[in-house]
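For reference, the structures are reproduced in the following blocks.
Two complexes come next, and they have one chain in common, subunit A, joined by subunit B in the first and subunit C in the second.
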Partner chain A sequence: MRKYLALGKGSFMIGMVYRFGFIATIAGNILYMVIAFYLWTSVYEGQEVLNGLTFDQTFLYVALASTVFILFNTYVDWIMSYEIRQGTITNYLVKPIDHQLAMLSFGCGRTILNVLIVTLPTAVLLTLVFGVAIQFGVGLLLFPVSLGLAFLVSFSIDYSIGLSGFYTESIWGLVTVKETLILALSGALIPLQFFPEGLQNALLWLPFAAIYHTPLMMITQPDQDLAVLLERLGLQVFWVGSLFILSRLFYNRAIKVLRIAGG
Partner chain B sequence: MRSLREYVRLYFMIEAQYIKARMHYRADFIISSIGMFFSSLVTLGVFWVLFESITDLAGWTLQEMVFIYAFYMVAISPMQILFDHIWQLRFQIEDGSFIKYYFRPLNMMFYYMSEMFDIKGIVQLVVGIGLLAYASAQLGIDWTLGNIGLLLAALLGASLVQIAVVVIAACTAFWLIDSWPVLSLSWRVREVAPYPMTIFSGAFRFFFTFVVPVGFIAFYPSQMFLRPGTAPAFVYVAPLVGVLLFVLMYRVWARGVNSWSGTGS
Partner chain C sequence: MALIHIEDLSKHFKILNRRQGLSGSFRDLFSRDYRTVKAVDGISFDIEAGEMVGYIGPNGAGKSTTIKMMTGILKPTSGTILVNDQIPYENRIRQAQIMGVVFGQRSQLWWDLPVIESFRLLREIYKVDQAAFDEHMAIFDDLVGLSALYSQQVRTLSLGQRMLCDITASFLHNPSVVFLDEPTIGLDVSVKSKIRSLIRELNRVHNTTIILTTHDLGDVEALCRRIIIIDKGSILYDGSTEKVSQLFGVFRTLEIQVVGANEETTDLIGARLTERFGDQVGITVRPGEESWTAITIDQALIPLSDVLNFMMTTFPVDDVRIVEISMENVVQRIYEGALQ
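And now, the complex of A and B:
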C-alpha cells in the first residue's frame, strides 16, 4: 500500500509543477458554462420543465458534467503510451509493483489535485455566480460513492486505451474516438433524458452512462425512488468489476508483444 | 522578394515530401482520420438531440443550425490543415530551436507554417463541404454564380478570423514563453462560434463580436445566405473582418519575431 501512496503523491506533485496550465483549464470551463447557461436559457424560453427536468436541474447537470470531465482527465492513457514508446515501462516489470494499480494510484493523485484546483472553485462559482440551488434527498448521500465508481469506470477505459500503445505508434486518434464516444453517449454534453426514448434506454445500460449520467442524476434529482438509485449504483459496480478485469486480461496479453531493443 | 507563384510552387514541393514521410505511418493516419471524423460531428449530434425537445433555438431551425455548423467546419479547416505547426511555437521558443527560421531567404511565416501539413484536417473539410451542400439543399438556397462567389469570400474571411485568433494567441510565446493558457483558451473560444450570437446577453455578445470576434467565424457570415432579406447590414463586411484580423495577426507575428532575442545557445 505504501508504495502506491508514494506513486499517487508523486503524480500530485508533478501536476503541481504545471499549475499555470490550470488557469487555462478553469477559464475554459467557465467559458463552457457561459455557453451552456445561455444555450439552455434559450432552450427553456417559455417552458418550465423539459423531459422532466427544470432549467436549474439541466444547467447543474451540464455544468457539472464538464467539471467531471476535467476531474477525470488524468492523462493516464498518454503517459502509458509515452512510457511504452520510450521503453521505460520496463521499470514496472522489474519491480514488485502491479502495473494497473500503479497507474490507478497515478490517476488518483492527479484527480485529487483536480478536485482541489478545479472542482472546488467551480462549485463555489456555480452557487455564487450562477445561483444554482441543489435539492435535497437521499441521492446526495449516494453521489460521492457514485462519483468514485464513475472514476473507476473512466480509469479502466483510459487504461485500456493506454495499453493499445503496445500496438500503435500514436494514440491521438484512439483517444479522440474514445473521448467523442463518451461525450456523445454518456450525457456529458446533453442530459440523457433529452435523448429519444428507445436510444435513451439502450444508452443507460452502457458503461458510458455509468461515468456521467449516473452520478449527475443523483445530484440533480436526489429525491428519486431509492430502488432506482440503487439499481443504477449496482450497474456501476458491475461495470467497474468487469472493465477492471477485462483491462487486466488485456494487459497480460499486450505485455507479450513488447520488444525493447537495448536501453 | 519572391513572387507568389514561386511560393505556391515551393509549398507544393515541401508538402509533397512531408506527405510522403507521413504515409509511412499509414495506420496512424487512418485512426486519426476516424477520430477527426467523429469529433467534428459530436456538436451536431447535440443539436440533433436538442431539437427532439424544441422546434427552434432563438428563432433558428435545425436545418439552419446545420448550415451554420457546416459553415463553421469548413471555416476552421484551413487553420487545422495549413497552420497546425503553430502549436509547436512555444516549445521552439523555449528551447531556442526557433532560431533556424531566421536563416532562410524566405518569408518566415511561410517557412514556419510550411513545415507541417495536417492531413487529417482534410477529413473535417470534406465532411464540412458535404454538410454544407446537404443543408443548403434542404433549405432550398438558390446558388447563383454571385452567391457562390459571396460564399467563397465569406468562407475565406471566416477562416482568416479563426487563423488570426489562434496565431495571435500563440505569438504571446515571444514575450511570455509559456503561451499555453492563452493558446488553449483561444482554441476553446471557437466553441461559441456555431451558436446563434443572439442567445447571448449584451456584454457577452459584444465580447464575441468585437473583442474576440468568433461570431464572424460562422454565425454572422451565414446570415448572408440564410436570411438575405433581413440580415443586419454589418454581416456583409464579415469577409473584410477576416482580412483586417489577418493583417493584425501578421503584424503581431512580425513584431514578435523581431523582438525575440533567442536563448543564447
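And now, the complex of A and C:
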C-alpha cells in the first residue's frame, strides 16, 4: 500500500513542476464558465424552469462539468502510450508492483493536485462571483462518493486507451474519439435532461453518464428520491467494477504482445 | 545450486516481412508473410551467486533478449530458465524483489523530480527499511559522491551522472542479482572508469551477482573474470576473460593519417612495411575511414613502437591514434578459430 502512496505523492509533485500549465487551465476554465453563463442565460430568457431544471441548477451542472473534466484529466493514457513507445514500460515489469494500481496511484496523485489547484478555486468563484446557490438534500452527502466512483470509471477508460498503445503507434485518434464521445454522451457539455427522453434513458445506462451526469445530478438536484439516487450510485458501482476488471484483462492480453513479440 | 540456471533456452520472434512500394503495402493488407527470427537459439549456462559475468556480443546477437528472459519480461519459446530456483515470468512480483535492472537507455528515475525522490520511491516499492536505506545511501555517497546531486532534477543531470544514479538505484534493495544492460553506452573514458569502480564496489559489498552486457570489451576486462560471448543467438565462448584478453589484448590497431594521402597511400604503406618487417602475418594494412590507414599489429610478433617509429620516420605523418580491437573483430576472429 505504501508503495502506491509514494507513487501518488510523486505524481502530485511532478504536477507541481509545471506551474504555467495550471495558470492556463484555470484561466481557460474561467473563460468557459463566463461563456456558459451567457449562453445559458439566453437559453433561459424569460423562462423559470426548462426540462425540470432552474437556471441555477443548469449553470451549476455545466460549470461543474467543465471543472470535473479538468479534475479527471490525469494524462494516464498519454503517459502510458509514451512509455510503451519508449520502452520504459519495462521498468514497471521488473519491479514488484502492479501496473494498473501504479497507474491508478499516479492518476490519484494528479487528481488530488487538481482538486487543490483548480477545483477549490472554481468552487469559490462559482459561489462568490456567479452567486450560485446550492440546494440542500441527501444527494449532497452522496456527491463525494459518486465523484470518487466517477473518477474510477474515467480512469478505467483512460487506462484501456493507454493500453491500446501496445497495438498502435499513435493513440491520438483514439483519445480524440474518446473525449468526443464522453463530452457528447455524458452530459458534460449539455445536461442529459435536455436530451430527448428516449435517448436520455439509453444514455443513463452507459458508463459515460456515470462519469459526469451522476455526480452532477447529486449536487444539482440533491433533493430527489433517495431510491433514485441510490439506483444511480449502484449503476456507478457496477461500471467501476466491470471496467476495472475488463481493463485488467485487457492489460493481461496486451502485455502478452510484449512478452511474446519482444519489447 | 546455481543462482541462474539456463538450459537449451530459445526465443523465436515472428517478424512481418513488409513488401516494398505502394503496391506491396496494399498486398500486405491482405496477405501477410512472416518469417521467424531466432533471437536466442538453444543457449545453456549456469551462473553462481556472487559472480560477475560479462555477457557480450555484437548488435542483434541476442544479449538483450536473454536479459529480458532472465528478468521475466519475455517468455521463452522453449527451454528452461531458473533464477533463484524460480521461473522468472511466472513469479514476476516475487522475482522482481530479488532483482535489480538497469537498461542503459531507459532510465528508471523520475525525469521531472530531484534525484532523491526516485530513491525514496524505490525505497517504498521494495520496502527497504530506513536504516538499511541510510546505510546504502552512505555507501553510494562514499563511492561516487552522489549527495551533491540529490536535489537536482533528473533531467538536468549529464548522461554519466544519470547512469551513476540509475546503477546505484538498482542496488538499493540489496538484490541477489543485478542486470546491467549497456551501462557505459555513450560515455567518455573517465566516466566509464567511475562506473566500473562503482560496479566493482557494489559487487564486493554484498557479494551481488552481476550480469553485464556491453559493447565495450574494456568493461568486461576491468570487471569480470568470466565472459560469455554470444552471436546470432548462440554461445560462441564461455570461459575466462583472461584467455580472451590474452588473445586479443595483443592486437592493437594503429591508425595513421599521412599528409597528402591518396588512393595509393595504403598500398604504399603496406609495401614499405613488408620491406622493413618482412612478409609476416603480424601486420595487416587496410584503408580506414576517410584518409586514414589502419595497421593492425600482433604485439606478440612485432612491438607496436617499432612500427610506429618506422612510420614516423618514413612518412610525413599528420596524425596518429591507437585503437583497441572491436567487438565485431573479436567475434570474427573467434569464428576463424582463434580460441580453439
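Keep in mind that, in the parts below, the second predicted complex is superposed on the first by the 258 of 263 C-alpha atoms of A that agree within 3 Å, B and C clash if a C-alpha of one lies under 4 Å from a C-alpha of the other, contacts with A are read in each partner's own complex, and residues count from 1 in each chain.
Keep in mind that, in the parts below, contacts are C-beta pairs under 8 Å (C-beta built on N, C-alpha and C of every residue); 3 or more make two chains touch, one makes a residue touch a chain.
These numbers were taken from a predicted model, which means no experiment stands behind them.
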After lining both complexes up on subunit A, report clash or fit for subunit B versus subunit C. fit
For A:E169, is the partner it touches subunit B (first), subunit C (second), both, or none of the two (neither)? first
Give one of first, second, both or neither to describe whether A:F136 is in contact with subunit B, with subunit C, with both, or with none. neither
Where does A:W205 make contact in the superposed view: on subunit B (first), on subunit C (second), on both, or on neither? neither
A:G28 contacts which: subunit B (first), subunit C (second), both, neither? first
Dominant contact partner of subunit A by residue count, subunit C or subunit B: B
With both complexes superposed on chain A, which partner does A:L258 reach: first (subunit B), second (subunit C), both or neither? second
Working from the superposed arrangement, determine the closest approach of subunit B to subunit C, counting only CA atoms, in whole Å. 9
Could you tell me which stretches of subunit A are touched by subunit B in one complex and by subunit C in the other? none
Subunit A partner contacts - residues on subunit C that touch it in the complex: 11, 13-14, 39, 65, 68, 71-75, 89, 92-94, 96-97, 99, 101, 103, 106-108, 110, 112-113, 117, 120-121, 123-127
Subunit A partner, complex, touching residues on subunit B are 25, 27-28, 30-36, 38-39, 42-43, 45-46, 49-50, 52-54, 57-58, 178, 180-182, 184-185, 188-189, 191-192, 195-196, 199-201, 204
In their shared complex, subunit C is touched by residues of subunit A numbered 2-3, 5-7, 10, 13-14, 17, 86-88, 90-91, 93-98, 258-263
In their shared complex, subunit B is touched by residues of subunit A numbered 20-21, 23-25, 27-28, 31-32, 34-35, 38-39, 41-43, 45, 50-51, 168-170, 172-177, 179-181, 183-184, 189-190, 194-196
